[in-house]
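Structures incoming, each one as structure tokens.
In the two complexes below, chain A is the common chain; its partner is chain B in one and chain C in the other.
Now for the complex of A and B:
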């Protein structure tokens, strides 16, 4: 009965209802598109960090290896027998593990026979490369980070184990232009030199096959992706820098990492697991998301503030106009709480209907923006990415709930103030 | 008035002459000291054993150095895993090659060879060619007058940007060095000994026998280069040709 009355009341002053509704819709669309943008960026950066930068959902290092591996590689690398011990411990979690991999990283010089320039390489096992480059999460969220021929890298390694993938910019530095696979064999052949685990200079032959992007402006001049065995040969080792664990569902990532570290500690094993969103593992992901969350917090504050003020204004005007009506309701026996609740219900109806309209509008805007295919290069990102908006249903429900709570609370507080007036004062109000 | 101007001209001439003399002295001292560190036009051969002590661990490497003028061919002899590796110095350009490679790799003389020793430390020394000397001061060390030179690199592909170099006035040989950062802070120190002898133009000349390079901050970390059996030996130009280092 009350809800119906509240709904009918919306049509008593259509202009004001529309004005308030428009403010709620604008706020709703703003929040949902901002949330949709952050959602898309988060998914993209997550897929890039986990799959394309080969960190896995969980990275396992030798204890302190993350910090000290570069200074004493032989001590902090994970030897093959230690890898077996880690895999044994991971069996406990195998129901949620998609696959595990191992990686080695290092720096050195890449030479075209005439000049050399520095590189920063990651050597990854073939299974991980194959699964990562073709992973549905990558295809859905992070395809902007893939070069045209990135997916050909696995096939190239299968036919030539010396194949490496380097960034287009590193290629330019050694006078090699993409596509590398079309270069004559002599030009594709390069040499990699680096300090091995004994502290001696070593070098190996390699063949340029495909290009890839690190996704980071800082690393793009030196990025290299190589087969795990080739980097092991370069650094004269049979060990890995870290092992990666790829989960089927990363919903309980922090708990899984904590349990894993507890297992290592309990068995007195010198290993340490990190989630991919640890600042030491994915500084780019953590930094970008931190900035976006701070920016979003600011905008949410502004939007919610504007919506709340619109509601306060509209309700105050409505109450001023309806003071005598409120007095009449009070005179015929309505309790102040009942009247406050009815007026709050009006605002809740308005907010709910505006949210429904807002979802449709936000979806239409996102479709138009995505079809327009705007591209831009975010700060610190080496590739041009498409500006995409995504209307996420869960987020829409959450924002609707947030706005309903905001509108409901605001309305109730405003009407409660008016209810403090005596019935006689309400009935004799001139409406001015 | 005229007398005053004459004095000023005289003082200027004296200052310029003094500076020119100091530069000429610095260059002369450097040329002389280079001779005892392989910087000669004739062909020379010696073995270098590098013992590295780093973080309490000791390792040894051995190289055969064949030098001639601005070129040097350094072949790794030990340990067995490095045998056959070649470092080739062509003037100021440096190459690394091992038999399994299809092409040599251009490397930097600044790069660490092992321990505290940079690639550029292993070959013959041509400081007179590569650095501009300035006489900073003189010091008395063990009763001998020693010139302290400040060497500044003439090019940016040299092993060090700046070196403070102590050369004995009596023997015209370098006795110690400080390798400086661009800001002028020492990051490595070296001492040199000359117990070897070689014959240059029929004259017996002392030749470096030991160079100890120490980390300026962690003095326990050091590399000791022992120069073994230096001898005058002519070499074919082909061993210094990078094009011959291809598989």
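Now for the complex of A and C:
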């Protein structure tokens, strides 16, 4: 009956209940949309880092290779026989591995015959390119990072192994405009020059096929995606800079990486595995998410503070108005904590109902915002992305639980504090 | 007769600003089981203070209070609450019903303090006291759908539902017209006679005192009769 009584008490002062409910709803909608936005951005940046930037969920380097590869490439690259050893060790985890890949990176000059500009290239095996560009996670979360013809790159390599994909801005720097596939053949043909892993100069021919985006403003002027073999040829090596491991489920990523490193160490192998969310692997992902989490933390603090203050205000008024009633309950034998709990139940009801209403409202807002197709370029991101809001059911449940805990705790503390009055004083109160 | 309440040398003072105002100046009083006692006195004489102390709603500045053989002044807040719930029923001048609960629920309320009663026993007790006060056909009504007299009957039923040793009533008829006031007193007297419920109530209405078994007259914080 106490829950029923608490529920009915909500209708005593409808205006105040509605005002407090509105504050809780506003807080709930704010939290759920903020959470939904961060959730969406996180998924997008994660898919971009893992699949489109070809880092995999796990990147495996030669020990210290991540830091020193550029200084002594022939030493820190992973040779084909070492790749076999790594693949052998990965068999232990094969149930959760979707596929593995190889990548080589390097810089050099791209020339149209008249003009040369620097590039920074990543050479990736065909399987990885094919799987990554068509991966459901990319299609669902990171399609903003894909150019219109990005997915055609794999087909282009299959018909022409010299095909490369460069950013639109790098294309402009060598006077080639997108779409590259529609350029005459002589305009599509470019030369790549670079220093090989032994320090000698080398050059190869390449064909512009498609454009892509690095997703990062800093890299967009020099980004190049090339077939693994083409870059190996340019850098005169049969090795890889790193190997990628793509997981089916990345829920236990840290543990898998730790286990893998433990295996390498145990077998005295000179390799080091990193998760994609290591700052050295995906500085963009880590930096952006760090900023978003800090911003979200600040807003969550503000929103929770406002909700808590509304509840405190509402409860204080409720207690003032019902002082004599509280006195009566005390007189007939209710313990102070029982009355506190009863009043807390009232707040919990209000919070629960407001949360239900808030879910509907948040969903409606997200539908409207998503239909409006607002686009913007976040700081440091090279592409314009759509501002999307999503109402995630798990997040909604978590936020409801958070608000119920916040409201419950606040209510209990406030009412316990107010229950310290003597029974006779409560009974003699004339009411607010 | 069994002694229910014993006040010995009870003094009570209230602080009003810097001044200490004495409300009771040394009260000795015993209430026995089955008594129908009225405390009468002028406004400000200390009768409500006396009832509050006898009802364990307040503690004396000095003196000893024993209720059902237990020394109240040595009890903590939780023990006092338990004592009130188990041994004492309260009837208030303004009825003090919970407006969001109907008659049945208001009467049932004191039984919810302790979880030891089964739902069947609760139901039987509530039914029985609602019948005793003649409100069977109003059990689903909310307080604002009842007359003053009916509300006070609900309050009486609520006071009786725990089978208390003592029922305290502070000016139970003050907010009622004279006819209803007499009906309420008749009901209390009837319950006292038939069910041996011990009543201690205070009133400043001299017209009602002829109906009670024992009168305690109080004046300026001292029992004078």
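Everything that follows uses one rule, which is that the second predicted complex is superposed on the first by the 431 of 432 C-alpha atoms of A that agree within 3 Å, B and C clash if a C-alpha of one lies under 4 Å from a C-alpha of the other, contacts with A are read in each partner's own complex, and residues count from 1 in each chain.
We adopt the following convention: contacts are C-beta pairs under 8 Å (C-beta built on N, C-alpha and C of every residue); 3 or more make two chains touch, one makes a residue touch a chain.
Predicted, not measured: the structure shown is a model, and the values here were computed from it.
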Clash or fit (per the criteria above) of chain B with chain C on chain A: fit
Partner chain in contact with A:181 - chain B first, chain C second, else both or neither: neither
Which superposed partner A:328 touches (first chain B, second chain C, both, neither): second
Partner chain(s) touched by A:336 [first = chain B, second = chain C, both, neither]: second
First, second, both or neither for A:114, with chain B first and chain C second: first
First (chain B), second (chain C), both or neither touched by A:424: second
Contacts of A:189 with chain B and chain C, given as first, second, both or neither: first
Angle, in degrees and to the nearest 10, that opens at chain A between the C-alpha centres of chain B and chain C: 150
Which superposed partner A:392 touches (first chain B, second chain C, both, neither): neither
Which superposed partner A:198 touches (first chain B, second chain C, both, neither): first
Shortest CA-CA distance in Å separating chain B from chain C in the superposed model: 82
Shared chain A surface residues [contacts with chain B and with chain C]: none
List of chain A residues in touch with chain B within their complex: 72, 109, 111, 113-116, 189, 191, 193, 195, 198-205, 236
Chain A-facing residues of chain C, complex: 52, 55, 57-58, 77-78, 81-82, 84-86, 90, 92, 94, 96, 98-101, 105, 108-110, 112-114, 158, 162
Residues of chain A touching chain C in the complex: 1-2, 5, 8-9, 11-12, 324-325, 327-336, 338, 422-424, 427
Parts of chain B lying in touch with chain A, wherever the complex brings them together: 52, 54-55, 59, 61, 81-82, 85, 96-98, 100-108, 111-115, 119
